[in-house]
Amino acid sequence: MGMVGGGPDAFIGAVHRMAANLDGKIELVCGAFSRSADKSRQMSRQLALAPGRCYADYKQMFEQESWLPADQRMEFVSIVTPNHLHFEVAKLALEAGFHVLCDKPATLTLDEARQLAEIRQQSGCLYALTHTYTGYPMVVAARELVARGELGRIRKVVVEYHQGWLADTNASLGKQAAWRLDPAQAGVSCCMADIGVHAANLAEFICNDEIEQLSADLGASAGRVLDDDGVVMLRFAGGARGLLSASQIAVGEENDLRIRVYGEKASLDWSQQEPNSLRLMHANKPLEILRTATPQAAALGGITRTPPGHPEGYLEAFANLYRQFAEQVEARRKQGLPGKNTLPGIREALRGMAFIETVVAASASQQKWHPL
Amino acid sequence: MGMVGGGPDAFIGAVHRMAANLDGKIELVCGAFSRSADKSRQMSRQLALAPGRCYADYKQMFEQESWLPADQRMEFVSIVTPNHLHFEVAKLALEAGFHVLCDKPATLTLDEARQLAEIRQQSGCLYALTHTYTGYPMVVAARELVARGELGRIRKVVVEYHQGWLADTNASLGKQAAWRLDPAQAGVSCCMADIGVHAANLAEFICNDEIEQLSADLGASAGRVLDDDGVVMLRFAGGARGLLSASQIAVGEENDLRIRVYGEKASLDWSQQEPNSLRLMHANKPLEILRTATPQAAALGGITRTPPGHPEGYLEAFANLYRQFAEQVEARRKQGLPGKNTLPGIREALRGMAFIETVVAASASQQKWHPL
Amino acid sequence: MGMVGGGPDAFIGAVHRMAANLDGKIELVCGAFSRSADKSRQMSRQLALAPGRCYADYKQMFEQESWLPADQRMEFVSIVTPNHLHFEVAKLALEAGFHVLCDKPATLTLDEARQLAEIRQQSGCLYALTHTYTGYPMVVAARELVARGELGRIRKVVVEYHQGWLADTNASLGKQAAWRLDPAQAGVSCCMADIGVHAANLAEFICNDEIEQLSADLGASAGRVLDDDGVVMLRFAGGARGLLSASQIAVGEENDLRIRVYGEKASLDWSQQEPNSLRLMHANKPLEILRTATPQAAALGGITRTPPGHPEGYLEAFANLYRQFAEQVEARRKQGLPGKNTLPGIREALRGMAFIETVVAASASQQKWHPL
Amino acid sequence: MGMVGGGPDAFIGAVHRMAANLDGKIELVCGAFSRSADKSRQMSRQLALAPGRCYADYKQMFEQESWLPADQRMEFVSIVTPNHLHFEVAKLALEAGFHVLCDKPATLTLDEARQLAEIRQQSGCLYALTHTYTGYPMVVAARELVARGELGRIRKVVVEYHQGWLADTNASLGKQAAWRLDPAQAGVSCCMADIGVHAANLAEFICNDEIEQLSADLGASAGRVLDDDGVVMLRFAGGARGLLSASQIAVGEENDLRIRVYGEKASLDWSQQEPNSLRLMHANKPLEILRTATPQAAALGGITRTPPGHPEGYLEAFANLYRQFAEQVEARRKQGLPGKNTLPGIREALRGMAFIETVVAASASQQKWHPL
């Protein structure tokens, strides 16, 4: 694969590389890691890329890689730039005939996402979006339990994503904070675009349902243009009521993503910070804790790499997305049928951008409900 | 004390009696336990009341107890009837000059609550409302931490109260369910009047702040007139944003009341099902678990009866309200100054009824925000 | 009931009184609360005892109460003195024809316990020992699960009881510590006599089995004569292997009593600090959490007073022993058959004293195994 | 690196490969994966090794790799065979001048371990042993806290390692079980050699102390020659008392390794199944939860790859050993000074084998204490 973004200071680029490395099946062969040529070369050396495979920019990379023989050029590109470049880079990559794996959110606006869907359609290439949390085996198990009807009709969904790292409005919060709080790089939203959209995606993924209407109240701490906190009331197409809370100013919270899904027959509860357990609640029997890599969980799908009780985490979840994408790419190369997978793609790109724009508009409105 | 309600099948009446018994300071001397004279006598025998102190109804009780010498008659009345009788009983008791301890909600309507406030004012009697959860020592500690400014300005409040016992709409759910789902006995709301109001009270109690505006979405399962689930967006007078979720159809949940309060400097997290711990989150140091009966917690107030690690629970929290009320009554009898206490009273009665009526109206409205 | 011990500074006396009060069925009518007549009178006034029912000492109390008419005198005595008086007080009470409920350990030596068993036999009176932790409903449920064979043959038992309150050897630790560390008042052991014996009792209670052999290593911190920490290897008559750890110097632990029982088919795990949950582990299905007051738990016995999710604690567990004892006393009074109960009695008194003496001897020995 | 063992059915070989891959710094260049040439070739193809780098056996591998130019041959060998081959393979590798990273236990007997120490000394090569759990960042933090004196003098250590996967003595338990229960392949012990030794290592690692004496009681379920469960009393050189429990028949336990260390000033508690938290208990302040990747934890050392709240697990801990070993190898290659590291090596190899042999001998003995 090739990589755009992910220079020396980048957090998510390093995560993508570790995720790609884990199974030893994906080789990083080229990159355009930074707008700064120096930083890009520095990264390239650090990663021991072959000479000539570090490019000045992504346009050059797509062009030159296209000229290489099929068995030498990158097969897909991993996009890990700040949000405002996602669309442009993905567009060019698809137009150049490369499969795309892109960090979320897919684009800066819903309009861009619609264009991207069009472009992908015409390119015939694969496109996947790293909604990381859908890679956790117990999240896949949760989705499967709902799909099998184990919970009955879903009545209520509570999803929360609370972090505290932007709590201090006085401190200089570093590069990671700066671009997320800058409308030019992050779009119309900080908190909802960065993490709220993960929460919405997780709810739709597990319930295999769509948010149909929402009402929102976002807030920005003193001196900020974009939201750093918000609450949202949800109504799902399938009839469930729900709520979503997201925050980057919840002092002391680390990465507290949790979802509870209440059905007519049973309910489930999953927390990202203890990802290897899934709580199953029933009306007439004891609470059950379903655990990663047990036979019961294995039967519900989800990729695992260790036996029960040997914890897996965030990098493994991320690697599950890479593994599935690599399998799709390989199937395409071999002209075989792609296997079943749970990878988020263009559909989730559109849903995500619609969520972000609607939630921002809803918060500014005195009208209660807004269709999504 | 005397008791109105709390017959042989009643849940909350038995709880009140155990709470009153615990410290051995309050004696139950009379009662009108049931509309059925048989059941009332049965209860009276079971409780070994003195002959002649089991009354046919509460009117008779207030009248006849008034005629007894001051050192023999009941000093206060505990009201544990279904909701629709709370106002009438409390009114008569206050007018007869008896102090009142009433189960919540205080009345069936906000209008009744306003009348009650007036009556209490004129009576000069004491009035307290058993918002049980404010009796837990770690809830009192949480309030004190906020009051001392340990959290800084509050930015966000998340409060949830989820139960599953009304989930099955087909089953006959027994007496406890029947009256709560009947508008004639329960008023305009089931879920919000039964438990949502506890959640709202807990948030206002801990933050020492008021909900200023809200937006709500309630729901009733098939065949029900009153709500059995709902979500509410909150805005507090002090500037905090919040959300409240309550449900009686959350399959598998027992009595899952939890509150998180996020401030500018620190945050706290308390769960009723593990009431002896209070999680304190800070920006720049490890999470702390404050525990009941430790010196650190003791310094924050809150009544405890056992050393650290010897768990206390719901009955002890309830008993803390009774103990404080008994101390108020004793201070009044001795014409002394009443000590500091955290007992909910008429103010909370008014707030609670306003919350219930506003949340029901807000849910039916297409307008987003509703003042409270 | 009457009470011996439990003066103004006593911890366990107050606990016994609250436990006796909770259900409103037991009345404290007399007492000899302290060696100090002043303190005893102070306690008596505080408890509003009838005049003349506060006695100078327990001998006087037993004598004078015997002279009262049957419907006025105390029916049983609750003994809550320091350990060294348990035997003497219980002996006199039984000889005077009073039923006895005694705080543990039953006596100061195994020899005394044997004498006591003899005396009780001759008296025909009831005798119970407050091994509190057997009063928790989930402990009763655990015992029942084992008895029903749900776990299969027991293979391993791990029981721990860790506290930290005696950790500081420099500090003056107050009255509670002083008598426990004084051989004249506490006997041959501090830690094992105070809490280790609870752990041993809990293991034998749940497994319905006996420790047959043990090997021990106790320790005393600088300046102490009696043990404040120890580890013990166990072999049960039924073939299980086990270990017991107890400590009063485990800095930061509150009252951390936990037992795990591993059987051939299933296992269980219970912690006193979260007493309303019982973890059930199975070979081929998810972990289950059995919860107090649910129908599943109710079917296994155990007394509860609140619905699921309304936590019960230490005082309720203690009250369960009192309730069962009161029922035994009442059945005896009415010459009826006593109902089934799980009250610890003389058998547990003998087992407990044998455990304490054996573990102390084993620790001092170079021989590995010691019969119990 | 090269690999010996780790064929298609092997669990731990795959783990080692993922751990080596994670950071993208270590390349697997050759292997002798199985006694079966077919299986070895199958593995080689699966891993896309260069032709000619899959060897028939490890002797051939060491010989032929030696002949390659320094910049082409493997720099170190990873040994992941069953236990009985560890010594022979490590010996030959060291004698051929290759650094060795070996799965634990280091050898089959203490005598072999002593020989190995001698051989390593003469070879001048690096040797490391994958006691995985020392790779967890919170374990490194725990060791550092003890080293800094934050706990004061250690008084008591409780370490447990409970699994249930060998509980069913009737079932055919597969290849992983078969060799561990076979004395010819596993040595004198199953449970203690497989997991008990991890527990002992963890205790010595965190406390930076040595077990000086022990007393043990091991057991084997019906039909088994080697132990599958055991309890051990410990005395440490530094004066602490301790106990160790290990089991492979604890039905329902997954990989429940937990250690508690009680000092004079503070205590700590770590569980492998929730590895990103470290509980710190103090005498006079609230319990603290120290979390991976927070600034407080980072200051205590320990390698992390994600921000707080993004869980890391077993593979990351394993990768931390590989990363440290790769850094040692690189420093050696560059003739630089090796950095500080916490890698277990020959010393731990000797301690581990001494533990295993002593614990087995102690269990068979009627003498209480056995030096280690």
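As written, the chain order gives the labels A, B, C and D, with residue 1 at the start of each chain.
One rule holds in what follows: a contact is a pair of C-beta atoms (placed from the backbone, for glycine too) under 8 Å apart; a residue touches a chain by one contact, two chains touch by 3 or more.
As the structure is a computational prediction, the values presented were derived from the model and not from experiment.
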Original post:
What chains, if any, are shared contacts of chain A and chain C?
Top reply: B, D
Subject >> chain D and chain A - chains in contact with each >> reply: B, C
**OP:** Going by C-alpha centroids, which chain is farthest from chain B? Tell me that one.
**Re:** D
**OP:** Please compute the C-alpha centroid of chain C, do the same for chain D, then give the distance between them in whole Å.
**Re:** 43
Subject >> Distance between chain centroids, defined by C-alpha means - chain B, chain D (Å) >> reply: 55
**OP:** Would you kindly tell me how far, in whole Å, the mean C-alpha position of chain C lies from that of chain B?
**Re:** 35
Subject >> Multi-partner residues of chain D (each touching 2 or more other chains) >> reply: 253, 280, 287, 291, 294
**OP:** Note which residues of chain D are touching chain B in the complex, please.
**Re:** 280, 284-291, 294-296
**OP:** State the interface residues of chain C toward chain B in the complex, per the touch definition above.
**Re:** 11, 14-15, 17-18, 21-24, 28, 47, 163, 165, 253-256, 272-276, 291, 294, 305-316
Original post:
Contact residues on chain C for chain D in the complex?
Top reply: 155-156, 158, 160, 162, 164, 167-168, 215, 217, 219, 221, 229-231, 233, 235, 241-243, 245, 247, 249-253, 260, 262-267, 280-283, 287, 365-369
